[in-house]
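Below are structures written as structure tokens.
Here come two complexes built around subunit A, the first alongside subunit B, the second alongside subunit C.
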Partner chain A sequence: MTGRKEQITPGQMSVLITATTLGSSIVFIPHPLAHYAGQYAWISASLAAVFGTLMLAAVLYLNRAHRGRSIMEYSAALFGKPLSGLMFFIVLLMLLFAVSAIVSGIGDFFSGVMMKETPAYIFNATSLFAAAATVRAGIKVTARMFVLLLTVMVAFISAVLVLAIPLYHSGMLLPIWPREMARPVLHGLLLTAGFPFGEIFLYALLIHLVPAAPGAAPWRGKLYKGYALAAALLIMAVLCSSMAFGPASDVFIYSLFKLASEIHIGDMMERTESIVGIALILGSYMKATVYLYMLNLIVKGWLPFKDERTAVYPLALMCLFLSLTLFDSPADFFSQVYVIWPFAVLLVGGTFLTLHAGMTAIRGTGKGA
Partner chain B sequence: MTQKTSDKALSRELRMNRAKACALFDRCQDVSIIPLGGGPEGEAVALIVYCSSLVDEQESRRIRLLLAEPLLMELAGDSPAASDRELSLREAGARHQAELFDEWDAIEEKVWQGYLILIAEGWTLAAGFRSAGLTKRQVMEPVNEPSVQGPREGTVETLPVNLGMLRQRIGTSRLKIEYVTAGTVLRTDIAFAYLDGTVDDGMLAAFRERIARIAPYEVLDTSFVEDAIQDSDWSPFPQHRYTERTDTAAASLLDGKILVLTDNSPMILICPALFVDFFATSEDYYVRTAYATMIRQLRLLAFAIALTLPSAYVAMSTFHPELIPNILLLAILDAREGIPFPAIVEALIMETSFELLREAGIRLPRPVGSAVSIVGALVIGQAAIMAKIASPIMVIVVALTGIASFAIPHYEMAIAIRLLRFPLILAASFMGGYGLMLGFIFILLHLCCLETLGQPYLSSLAPLKLRDLRDVFVRAPLKTLMRSPRNRKLHAGGPGRREQR
Partner chain C sequence: MIVRLGFSVALFAALAVAQGASVKKMRGKELAAFTLLLLPVLYQDAIYVRQADWPSLPELMGVLLKTPAAALDRFLASGGNG
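Then we have the complex of A and B:
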């Protein structure tokens, strides 16, 4: 983040979208989704992906209507500074919670599964430090770096899903159409529409970083493709987890990790779940980085720091303290992240986008457009 | 004309000029100041000044015979009008390719460049004849970059010879060569070369701005230039690379790079160098595609092994033993039985010993150096296992790491890996696989932040340029590479750059 205005290419933006949609959710979502929707989890995820597409369409509509301006600029023009400030304050609180929950998830994963003797705060602190250092390097560097990390992560996810083929039993998905289908599917939809697909509304904060050159080739398709890749992989992970474990997917907290531990190829390849786990957790780091960048974007919109990066480390420290104090127990984490958070995303994100899109449609691009 | 300027100018009187030359070259006993007599009363009519350690004796004798003797006779005879004499001197100078100087500063500089200077009575110009004859190293096969196939021509310590070899390869006026002189004492000639129309204009402007900064510094070697123009001083990664091969230098010019050549140094600096450039050699393009591709991938594997093998071993044996197949794990446990140190201490002892041996082997005279390597490898390694200081598996890990680092074709990149290996071992010993992941993230972050002359250092990979990857992980057939954007730009003047992804 240097003094000059930072810009990234549409391809890089689509990488960020894929990384944040897949990141953390690929590890965490199959378990609560199976808990809510049972064998219909993949149907809930598919419907939620459609909902996320609508959110992305709304974000892109706003970007097209307010070409070249950040949402903080045009929101103030549309609603006036006080109301706009209130909306962004709520988004700021949501982002603080999201970053804290993501790093708390990283800490819980490592201290609970892979390195049980190391306290969670070590993982929370180091992963947040890595995320903050990345944010300070700027969004251009971040996007470049994530192209490589995402490639590694997608390769590992695909490898696990392919190598575990012998473990799949399609019968686990039955019954397909029972009477009691609607309620679990809707419950699962509520969860996944909020986390992770609904979170796409946060990209309204970033989308202006793609330069709006007049007459440039249409680039929005790239963002849909990136989002579609993430959605497809997530749905596949949920589907494969259901086919491999059936009703037991509700029991395993990190089902893709568990799936990797079940892969045995002769004496050569067994118990590779540690490597897979580390590759998967890269997603959480990427998501925490992008959300921390968004947090900093809001703060620097309000506070006239000379150096745009001034707030990054203080914000990261705040998130660290929150991650260590917000969640009393795994049950508390479950309730806050899988019950309250999706609802908050749907309520705040939905309202936020609807208000902005509606007002743009009614009033045009606002004052100063 | 100020007093200072007149001090620097030559006098018409030979006596004054002789006194000035004696004062200028006082206590420089390798400089000969020889008066040449022949006047009506036997007085000196001309003066020859040269540095005997730089001048070729045969050449200087030839010049004296050809020019000085007839000239002396002319000077000693009837004295014609001054203007006529100057004209005849100029003509004689032109016939014998003399350069004319009117200031002592220029004369001094030329004496140190091996010129023979002739100063004549009544004349305010001195004639300089190039007669440098210092023994120079012959053009031979480069020591650091040998090849099985391809040319065997290597650079030498003489700048004009190196530039000549480049000109011989690229015979076009598009090859531009510009000079910069650095230092007040050494006054080293630095030449930079680029292919006009191929080099990026912004990059060339940035390079010019940086190379201008070097003027006040005394430059002994090309590496001084590298230090002055690099973007990051503290990065372990080299941002420019060296070659002693003229074919590599020519290929780099075609690739839009800028070359820096320094007098008295055989190394050509290629600016800028990207990360992926350090895994390619000129020979890759002289062998068959399949073989070149396999070698490329082997080098990338060597990079991964050299960087991570000791740290991965520490992480796996300390934190993730489940990743090691059971039989191998039992063998490792058996081998480590009785060793008093944890894996991290064992790794650090062995790695440090290996680095010590390597450094000792390089610095010692060659016959002794090889003896040290043998003693180190065989005796100390075996003794360390017997004394239970290290386990055999650790010796294998360290040896494999060493071999892998030797497989990286560019020494500067191998040094970067050596530096980074130790923090990675520490990270792995504290936090296992997670520590390794963090280490990689920070290395990758640094690589993504690094720029060299305005180019992203990790270019081709980040920002990802899929088309360019055919000369990174594989070496595509030459006819495909020749159709690359780079060559389109070179030959047709098109844009040739793909959108950065």
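Then we have the complex of A and C:
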């Protein structure tokens, strides 16, 4: 991150979108989704993916209408600084919560299933330090590095889903005791439309980093492709988890990790879950990094720092302390992350995008456009 | 408490090492802004070290949204899970 304006290519932006949509949700979502929607989990996830596409379309509409200006610039022009500042303050709170929850999830995952004797704060601190150091290196370096990490993550997820084929029973997708379908599907939809698909609204903060050169080849399709890849993998993970474990998929907190542990191919491939676990947690690290970058983007828009990286470490420190204090128990984590957070994303994200898109449609591109 | 205090002292020492030189060069508004940025960090650190039950910034939003989110969750959960 340097003094000059940072830019990334559309391909790199699509990598970031894939990484953040898949990251952390691939580890955490199958469990609460199965809890809410049972065998209909994949239907909820598919519907939520469509909702996320609409959010992405709104983000791209804003980017097109405002010709590559940052959302903080045109938001102030559209709504005035006080109202715009209030909206970004709410988004800032959401990002603080999101980074803390992601990092807390990394700590819980490692101290819960892989290194049980090591306290979670060690993992929280190292993950956040890695994320902060990556943010300080700049968005271009981040995006380039994530190409490799995302490839590793997607390859491992795909390998697990393919190697576990003998464990799948399609009959598990049928309801055991057919009851109402609408509310479980809606419940799952509410969850996944907020986490992770609705979170795509946060890309309104980043999308201006892709240069809007006049006459350049259309690039927005790449972003849809990146998003579609993430959505497809997530839906497949949910579907495969349901087919492998049936109603019990709501028991395993990290079902893809559990699925990997069930893979035995002769004597040559056993206990693959540790490698898979690390690959899965890479997603959480990537998501925390991108969200920390967004946090820094908002803060540097408000505070007069000469060096754009000044706020990164203090923000990371703040998220670290939040990650260690926000959640009193696993039940509290469940309530905050799977009940309140999706609702907050839908309410705040939906309102945020609707207001900006609506005002843009009514008033054009705002003063100073 | 001692472990938590030691951990947070180590973290702030690391921050001082990483940014001490650039903070020394700061003047006026920039220094004030950095101090302002550190205030919520210190507050959050105090909550962590003391394990105090004080409200944190993101919880402000949770307080507002908890009731409607929980009500919607209860309504949808009452439909059974197939």
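Basically, the second predicted complex is superposed on the first by the 364 of 369 C-alpha atoms of A that agree within 3 Å, B and C clash if a C-alpha of one lies under 4 Å from a C-alpha of the other, contacts with A are read in each partner's own complex, and residues count from 1 in each chain.
Rule of thumb we're sticking to: a contact is a pair of C-beta atoms (placed from the backbone, for glycine too) under 8 Å apart; a residue touches a chain by one contact, two chains touch by 3 or more.
Values in this document were obtained by computation on a predicted structure and should not be read as measured data.
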Worksheet item: Thinking of the overlay built on chain A, is A:L355 touched by subunit B (first), by subunit C (second), by both, or by neither?
Response: neither
Practice prompt. In the overlay, answer first, second, both or neither for which of subunit B and subunit C A:L60 touches.
Written response: neither
Discussion item. Let me test your reading of the model: by the given contact rule, A:M236 touches which partner, first (subunit B), second (subunit C), both or neither?
Written reply: neither
Fill in: In the superposition, subunit B vs subunit C on subunit A residues touched
C
Item to complete: For A:A159, select first, second, both or neither according to whether it touches subunit B, subunit C, the two together, or no partner.
Response: neither
Item to complete: With the two complexes superposed on chain A, say which partner A:M172 touches: subunit B (first), subunit C (second), both, or neither.
Response: neither
Practice prompt. Would you check which partner chain A:L93 touches, where first means subunit B only, second means subunit C only, and both and neither mean what they say?
Written response: second
Item to complete: For A:A212, decide between first (touching subunit B), second (touching subunit C), both and neither.
Response: neither
Worksheet item: Intersection of subunit A residues contacting subunit B with those contacting subunit C?
Response: none
Worksheet entry | Touch list for subunit B against partner subunit A, complex | 319-320, 322-323, 325, 327, 431-434, 436-438, 441-442, 444-445, 448-449, 456, 458, 461-464, 499-501
Item to complete: Enumerate the contact residues on subunit A facing subunit C in the complex.
Response: 35-40, 90, 93-94, 96-97, 100, 121, 125, 175-184, 186-187, 190, 250, 299, 303-307, 310-311, 313-315, 317-318, 320-322, 324-326, 335-336, 339-340, 343-344, 347
Worksheet entry | Complex interface listing, subunit C residues touching subunit A | 7-8, 11-12, 15, 18-19, 22, 29-30, 33-34, 36-38, 40-41, 44-45, 47-48, 51, 56-62, 65-66, 68-70, 72-73, 75-82
Fill in: Residue ranges of subunit A touching subunit B (in the complex, touch as defined)
9, 11-12, 110, 114-115, 118, 122-123, 126-127, 130, 133-134, 137, 141, 144-145, 147-149, 267-268, 270-272, 274-275, 278, 281-282, 285
